[in-house]
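As written, the chains take the letters A, B, C and D, and residue 1 is the first residue of each chain.
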């Protein structure tokens, strides 16, 4: 389907300009085309008064893994919809790992599952995303 | 069902300690119990290389409106699951408004719909959230 | 947006050939374009050993209301995805009413909400559907 | 986690009284605890005027596989919510196979994924379900 070299170069092109993922301190690993692992430390500016992470940031981490998994083919895709189930709270200092895998990839849409675990291997959230292809390359010259 | 005074005091208690919403520059308005409006400016550290907002942050804004809508009754609730449909991209400098309304509130679960619009009144995203009651008060003494 | 006459004629064209909705005994009412009401009696062949309706049939009723709501413009659309939250069980003999309304209708996709109530006005299920336009007319000559 | 013998006996107890699954002609196979395969032939009374299956019945098939997968532990569970993505239409005469697997099972909730394929091995639909435990046994004496 895809090859790892293309996937890695797409990831590099995306990450270079992705100020939002950088601002959240997210790091990315591409083990194979169609798969991506995103890691994030739960920082002080990510939690509420109970030291629990803002659910939107757990979503953002999973969404980032999803974006890197579905953009492995040099065909620029965007998130069309997503669903998340929050299973356990993550708290200040937790190290979260989001692993995205491809369930199905059609011509225009793709379906991905993301599992978010903490540093103890506990499942924090289940995420499902649908991607939509734009028809543009990922590695186009960017401003 | 609920009264506006309680809803407003719950919102104040939540916002006082919510470093993540503060870090995103989100402001909250409570027009009535069970309803909440969250506003956010799309900043430079929220966008990718195409100046398009990270979808996770659109989600975070909607999720914040949802959290304030469902915590209007001094019964601490958390997000159990959520779904988002991304309809249009939001870009750098956009002023986003997320309006959360209550579809149904049972004893332990509640269902909320959130619409996110930009400053031109265009619909950016549709969000649905399910809340779960913890049985704790919202306005408990916090650390 | 749409007019009621077109919506009603689309509904008539769909219902005439819809053996599955007929087999479930579903009746349809079109109060306005983009809105549809579907009614169904919970029969003996629709329940499990506890006399509780098969959740798939509650979904089918909601999905039918959704299909008639989104096909009101003589632009044939199909269900692309759907989500359902089951709030209360429906049981043998219940009269269910599914009311579909349009949240948003774009060029190629539409978003609809369906509420399913029983004969006591209790909310049984919340359904959300995304429709995709095929570009074909609804009222084309059928075999 | 579970054992196959208990899972099979739970399935037998459920199927014996499940008039709705019987009416749809659904057959069930339990390869292991937490997994279930449901098969259904697309009959004449399941299609619309285009000979395409009612999406609600594709959902019902997936929902049945889900129900048998999550009721493998003699702890009666019900569907709390579900999501379905329709990828390809199924038509009159198709033989559909829904395979349910367990993503996560907590104390009160479980999360299951179901893939529906046709007789050519093509993916028809992706289904996700959340189950809620009732605390009752599956194999209680039924009326």
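Note that in this section a residue touches a chain if its C-beta (ideal position, glycine included) is under 8 Å from a C-beta of that chain, and two chains touch if they have at least 3 such contacts.
Just so it is clear, the model here is predicted, and its values are computed rather than measured.
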{"item": "Selected interface, A-C versus C-D, where C-beta contact pairs are more numerous", "value": "C-D"}
{"item": "Interface numbering overlap (same over half, different under half) for subunit A and subunit B", "value": "same"}
{"item": "Label of the chain whose CA centroid is most distant from the centroid of subunit B", "value": "D"}
{"item": "Subunit B and subunit C: spacing of chain centres that average the CA atoms, whole Å", "value": "30"}
{"item": "Distance from subunit D to subunit C - Cα centre to Cα centre, in angstrom", "value": "22"}
{"item": "Whole-Å gap separating subunit A and subunit C, where each centre is the average of the chain's CA atoms", "value": "35"}
{"item": "Residues of subunit D whose C-beta touches two or more other chains", "value": "81, 83, 85, 130"}
{"item": "Sites on subunit D touched by subunit C in the complex", "value": "14, 16-21, 23, 44-50, 53-57, 59-64, 67, 78-86, 89, 142-143"}
{"item": "Touch list for subunit B against partner subunit D, complex", "value": "81, 83, 130"}
{"item": "Interfacial residue positions of subunit C with respect to subunit B in the complex", "value": "83, 85, 87, 103-104, 106, 109, 111, 113, 123, 126, 128, 130"}
